[in-house]
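Presented below are the structures under discussion, each in the form of structure tokens.
Heads up, the next two complexes both have subunit A, just with different partners, subunit B and then subunit C.
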Partner chain A sequence: MALDNMKTTGFTQVGTTPNRPDGLDKVTGRARFGADVTAPGMLHAVIVRSPHAHARIKRIDTSKAEALAGVKGIVTRADFATGLTGENWNILENVMASDTALYDGHAVAAVAATSALTARDAAKLVEVEYEILPHVTDVDKAMAPDAPVIRAGAADGSVPEGQHPNVVRYHESGHGDVQAGFDEADLVIEDHFTTEATHQGYIEPHACLGILGGDGKGELWCCTQGHWNVQKICAALLGLETANLRVTASEIGGGFGGKTAVFIEPVALALARKTNKPVKLVMPRADVFKATGPTASTSMDIKIGMKKDGTITAAQGVFRLQGGAFPGAPADMTAMCAFAPYALSNVHQVGYDVMSNRPKQAAYRAPGSPMAAFAVESVIDELCGQLGLDPIEVRLKNASKEGTKASYGPTFQRIGLVETLEAAKAHPHYSAPLKPGQGRGISCGFWFNHGGETAVSLALSEDGTAQLAVGTPDIGGSRASMALMAAEELGIPYENIRVTIADTATLGYNEVSHGSRVTYASGLATIEAARDAVKKLCGRAAAKWGIPEDAVKWENGCAVPSGPNAGDFDPLPMAEITANMGATGGPIVGHFEATPEGAGVSFATHIVDAEVDPETGKTSVVRYTVVQDAGKAIHPTYVEGQFQGGAAQGIGWALNEEYIYGDDGRLQNALFLDYRIPVASDLPMIDTVIIEVPNPGHPYGVRGVGETSICPPLAAIANAVSAAAAVRLRQLPMSPPRILEALEQKRDG
Partner chain B sequence: MQYHTPTSFEDAIEIAAQADGITRFLAGGTDVLVQLRADIVTPDTLIDIKGISGTKTITHNDDGSWRIGVAVSGAEMTEHPTLARDWPGVVEATDLIGSTQVQGRCTMVGNLCNGSPAADAVPAMVAAGMTVTVSGPDGTRELAVEDVPTGPGKTCLAKGELISAVNIPARGANGGDAYLRFIPRTEMDIAVVGAAVNLRLEGDTITEARVSLGAVAPTVLLVPQAADAIIGTTLDDAALTALAQAANAACAPIDDKRGTIKFRTHVAGVLAQRAARIAYERAQKAGK
Partner chain C sequence: MSKIHVTTTVNGDEVEFLCDPRETVLDVLRDRLGMTGSKEGCGTGDCGACSITLDGRLVCSCLVLGAEAEGREIETVEGIATGEDLHPLQQKFIEYAALQCGICTPGILVATKALLEKNPDPTETEVRYWLAGNLCRCTGYDKIIRAVMDTAADMREAS
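Presenting the complex of A and B:
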């Protein structure tokens, strides 16, 4: 059901592409990121980490480190709150190990000293005695009967009897009768797929500065996707009252989901409390790789049946996700996203969340969906190939639409998958000729999107400008979008609105910037806050004119009488009302607080051309087009940026990125030299097509756009590689040695 | 840590000969400083050689040979007006090192003395038949480039010895060289395999050749069997097949996160063929 006061046409500001308000600061170096904050008397901290994949901590001796000149304090688990339960306990256990190190890089102690170099030297002097335990890092091995148990009793009630204790969550959903569906099919394909863990790869390492006195009052600056979450968790882990810890989010050098979790902030605060000094903690890159969340690795089985005309008769998937040494791998979301693009009578999906001796996985853009799409869309491609059908036509034939019962349960409202497929089919890319050695692949992708707790405040200034305070860290140009939406409602220029990411003391709780929720939820709140301010402005005009409030309306930045009967008054511009607001009733502030529930799901279709060097197995992506439903593109350039960013990260994930563990359970490539994200010259120009099928749950029709763009690339590239080299890669990454091996196996029959 | 800035090779040798513990020379520092920061090697003595006169000069000698100062950076080689005309393979190999920023600092000598089997400049230096002048407490000697590295991270230089010059032979008539590396990306990566070929033609027939492979053994290899496979041929298909086979046979790589034994061995042959074709074309052009 659409909102009452929905607006989808006649925009004056929304849909334009002004420069982002933070752009100049970022290109001139004036922007302050996590590591740019300092305080007088500040100490520098270094975390001591386990070199073992799984080991009992028998003894920690800090005496030598403490004796080093310049060392001011050392913390271990004993310096944190006790008696925690549930997720708080899990987070604390990850932030600082208690009796067992659960992965290579697990924090066991931390040192604060007067310089970063001294802290580094001191960290090496902390002596930890370990008793090495058997470990497991592979998902299938972690589920096997003989696998070492990471932690007994970590499973919840969802897990069926008979599973290994490392299986900690279970999901099952679907509808219809898959066996009957497979019986109806002309062709059934069943295959096994795996993907490796990949890191979000943000350029800015985690960094923070913490201050905490003996009175339990503290301040924290950090780079995070959500500072209210940091506040809540730090308060719990340190035994503080939430309101006594004020958290400010810095500019953020990328997060992609990985900065929705808390890793170092409680450690900085614990050291600050112990030393009574401000403590700064900046993670070295190797620590970022070893101890912050990569995505889950997967092992998946997919079975799909199709009729000769392309109708999918049944689909079934089993998704096993390795999520590190704690529960939380998105096995449920992986399973739920897998078949969402298709209207299926018979569908069944199962997800296993499996623990191993690896870092706790963290969200990474549409958690779980890209891996599921890789497996499912590869099988659909294979079916199309064997039945001689066009891959877009088959997807159109089976596409989910408004009214479709989704594979994961609910009934879809108005959605735009068909529109993305039609646009992809019509795009010149889809019919462009290919050179020898090149192949074309396509894939669809799906993500739910999210609303979440949101609070916004819009304070008008006496000169008719406005200060908008939002609580969602800007991870993709959202300040520009917020200013555009506020400008649209207020009828004042974009430049007259200054948007700030407010600290935790200034607004009500804001959920983290995740789930592609910012332009949707903070945007909705911004529009409502502006409408609240407009109502108040109209009230002041009504009082001035001596007419009822409802006889005044707002037009082009002015209060005007609502009709001929309301009276004959000249339009009253906003600046004239705000100039006197102190004398006419006080400051004018619009605000809005809610948990919006109308996030609109979104779909994308990607087209990829790849070229494979048959002698070396190296893949080059030579052309790429993203078609995605944005609902409404508030700032089209930044929407395109999200589309391109998702595709770029997907290219890395598909071709070269992977966590590589040795037999000793240690991470072998904790640096960007060997953790191979794409460099600029690896990428083609990524073309974009924005589809706008309005989301009925947002006043302007916005759907989130940040995550869906990473769902199709893995499969689209695998399908392109398959078309180019006539080999099907079912294992990611499709690195040159793997492709060469596949080519050789095919040659040798 | 002691940091020295000598202004002569004699002083540098003296400091190095007297030093205890770990000594490193600081040319561009793109290996030394990275290893220091990453806790891989923390030198006790660091000797910056960039203050020594002549270390930044490229000299084209009267006999056609070249003398490259030990602190000459990759960018300075690329921008030299005529060096790349003689030795395109050597220059492009050095130019592959790192990024624009790294190119402003990195040197061929540093690349060689860091001792990585995957060093990009080294196979091209070996194929070109380059030598280095080694100066030390006992005087000066000249070494073939292939004799300098003795294993990963190791060289044959004795305590107190350093390289004081890099020498490239005269190009001579009808010659061409080329270097190719395999990386999974397009730049900012470490060679999984490298192959350099330097050859000379008489008419269409190869009369001299040197083939060198990187990242397929503990040190960069000179592979005479691979050269023999193409000498006396016009680089026809049979010669190329023999070249690849000889290259494959010379490989003794490791399995690691960057590539498998099988992959490295196979790709060494492929790259040797491709580099040979480029060198051959260049030699043909040089003869015109």
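Presenting the complex of A and C:
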């Protein structure tokens, strides 16, 4: 059901594309990111990490390091809280190992010294004696009966009996009778797919500056997607009272999910407490690769049945996700997203969350959905090919619509998948001729989107400008969309809104910037806070005019009588009301605090043309079009940016990016030279089409746009490669050696 | 280890500093001169976030030692604008939303300014290859390339 205060037409500011409020800071070098602040007397810290994939820590000797001039303090696990349980224990164990190093790069100690070079020298002097244990880094091997156990007792009650202890979570969902569905099909295809772990690849390494005194009061500056989460976790891991730790989010140099997690902040605070000095900790890039972020790697089995007319009769998927040395791989979300684009009578999906000797996986843009889409959309493409059907027509025939019972359970409200498919079909790209050696692929993608705890405050200034405080770090221009929404409601110029990302002491709890929630939830909160302020402004006008509050309405930035019966008064501009705030009742501040739950799901359809070089196996993406439902694009240029960025990350995932582990369990490509994300010369322009099917759960119809854009590229490119070179790659990335191998196999028959 | 005394020029101003022989120009800029506009994304010359020009030549400042700056001329992102007037590239990057998070932006601006000084009329392919050493993870480069091409066109028209 749509909100009764919904506005979908007549916008004066929303939908325009003004310059972002923080533009000047970002192009002049003035913006302050995680590593850009200092404090008087500050120390520099370095973390000592395990070089082994799995090893018992027998002894840590810090005496030589402590003896080095300039070293001020060293911490190990003994310097953190004890008695933690659940996810807090998992996070602490990941932040600083207790008795066992669980992956190559696992933190075991940390040093603070008067300079970064001294800290680096001292870290090398910390002696750690290890007893090497057997390890496993592959998901299928980690589930095998003879696999080493990462940690006994880590599984929860969801896991069926008979599974290896490394299987720690289990998900199963669906409806109908898949066997009956497969029996009805004219063609059933079943295939196995794998994807390698990838890293979010933000260009800014994790960085923070921590201050913590003997009184248990502290301050923390860090690059994070969510500083209230950092506050809560650091307080738990250090045994502090939450309110005594004030956390400020710096500008953030990319996150993509990877900065929703906590890695170094508790370490900096522990060192600050131990040394009684501010401590700065900046991760080297190799540490970022080894100890933060990556996605789960996957092993998947997909079976889909189709009739000759393109009707999907049944779909079934098994998704095994390797999530590193802790529970948490998004096996459930992978399974739930897999078949969401399709209205299916018979569907069944199973997910396994599997531990291995790799870093604890972290969210990466629509966690799990891109991998599932790769497998499912590849099989649908094969079915279309073998049955001689157009891939867009088949998807239209089976597309989820309003009222469809989703593959993962609920019934869809108004959604825009059909609109994206129709727009893709009508786009000149879809009918453009291809050159020899090129192939075209398409794919759909789905993400849930999210609401979450949100608090916003909008304080009006005496000159009629407004200060908007939000709690969601601005990852990609969200200050601009927040200012647009506030300006729209208040009826004042966009430039008169100053947006600040408030610290944890200023607002109530804000969930992290994740789940494509910022424009949806902080946007909704901004609109509601502005409406709250408007109500108060109208009240001041009513008092001045001596008429009831409900006889005043707000129009074009002014209070006006709501009708002829209310009286005859000249419009009262906001600045005239705020100029006298102190004398008419005090400061005017609009608030909104809630957990919005109407985040509308989002779908996309991507079209890609690829060219495969038969001699080198290199795949080039020559044309790319993203069509996605944004619900309502608040700042269309930044919506396009999200579409393009997701597509580019998906291209990297599809073609190049992968974590490569040696037989010794060590990560072999922990730098950007060897973990190659797309560079400018790898990519074409990325065309975008914004579809606007309003989300009934947002006052302007907004749907989150950040994540869905990474879901289709993996499959779209695999389908294009299949069309270009007549080889079906079921393993990502489709790197040149894998393509060459597939071409050779085809030649050899 | 004793420190080295260096005299150099940064954005037209003569500066002096003492540095450890192991410190890079990037370390010196950020930690000794307080100029944090240049970013460290990798420390291995792969990401370009620390791009500066040294005697007019585009380099990764993480790959040059502080001691090597003696007698040289360094230009950083902080020197691109003239007072309050943004360089046309800076203006266009804001207008085109050619940045999302903005961490790669200083390096990309330094690199593209160096490109346009060398080649005022680059092709799209030339811009893409020139920027191949500057990683951006947010934008997919589309809006960056458009901003550079259109700035180059504006600057040609203005000159």
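Assume the second predicted complex is superposed on the first by the 749 of 749 C-alpha atoms of A that agree within 3 Å, B and C clash if a C-alpha of one lies under 4 Å from a C-alpha of the other, contacts with A are read in each partner's own complex, and residues count from 1 in each chain.
Keep in mind that, in the parts below, a contact is a pair of C-beta atoms (placed from the backbone, for glycine too) under 8 Å apart; a residue touches a chain by one contact, two chains touch by 3 or more.
Computed from a prediction, not measured in an experiment: that's the story for all the values here.
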item: Touched subunit A residues, subunit B compared with subunit C; value: C
item: Partner chain in contact with A:736 - subunit B first, subunit C second, else both or neither; value: first
item: First (subunit B), second (subunit C), both or neither touched by A:615; value: first
item: First (subunit B), second (subunit C), both or neither touched by A:475; value: second
item: Partner chain in contact with A:669 - subunit B first, subunit C second, else both or neither; value: first
item: Which superposed partner A:655 touches (first subunit B, second subunit C, both, neither); value: first
item: First (subunit B), second (subunit C), both or neither touched by A:253; value: second
item: Partner chain in contact with A:559 - subunit B first, subunit C second, else both or neither; value: neither
item: First (subunit B), second (subunit C), both or neither touched by A:117; value: second
item: Subunit B and subunit C footprints on subunit A, overlapping residues; value: 673, 678-679, 681-682
item: Partner subunit A, residues of subunit B touching it in the complex; value: 182, 184-190, 192, 257-260, 262-263, 266-267, 270
item: Interface residues, subunit A side, partner subunit C - complex; value: 17, 19-20, 22-33, 35-36, 115-117, 200-205, 251-256, 282, 284-285, 475-477, 637-638, 640-641, 644-645, 647-649, 671-673, 677-683, 685-686
item: Residue ranges of subunit A in contact with subunit B within the complex; value: 615-618, 655-656, 660, 668-669, 673-674, 676, 678-679, 681-682, 735-737, 740-741
item: Subunit A contact footprint on subunit C (complex, rising order); value: 20, 22-23, 27, 30-31, 35-44, 46-47, 49, 76-78, 80-81, 86, 90, 93-97, 99-106, 109, 125, 127-129, 131-146
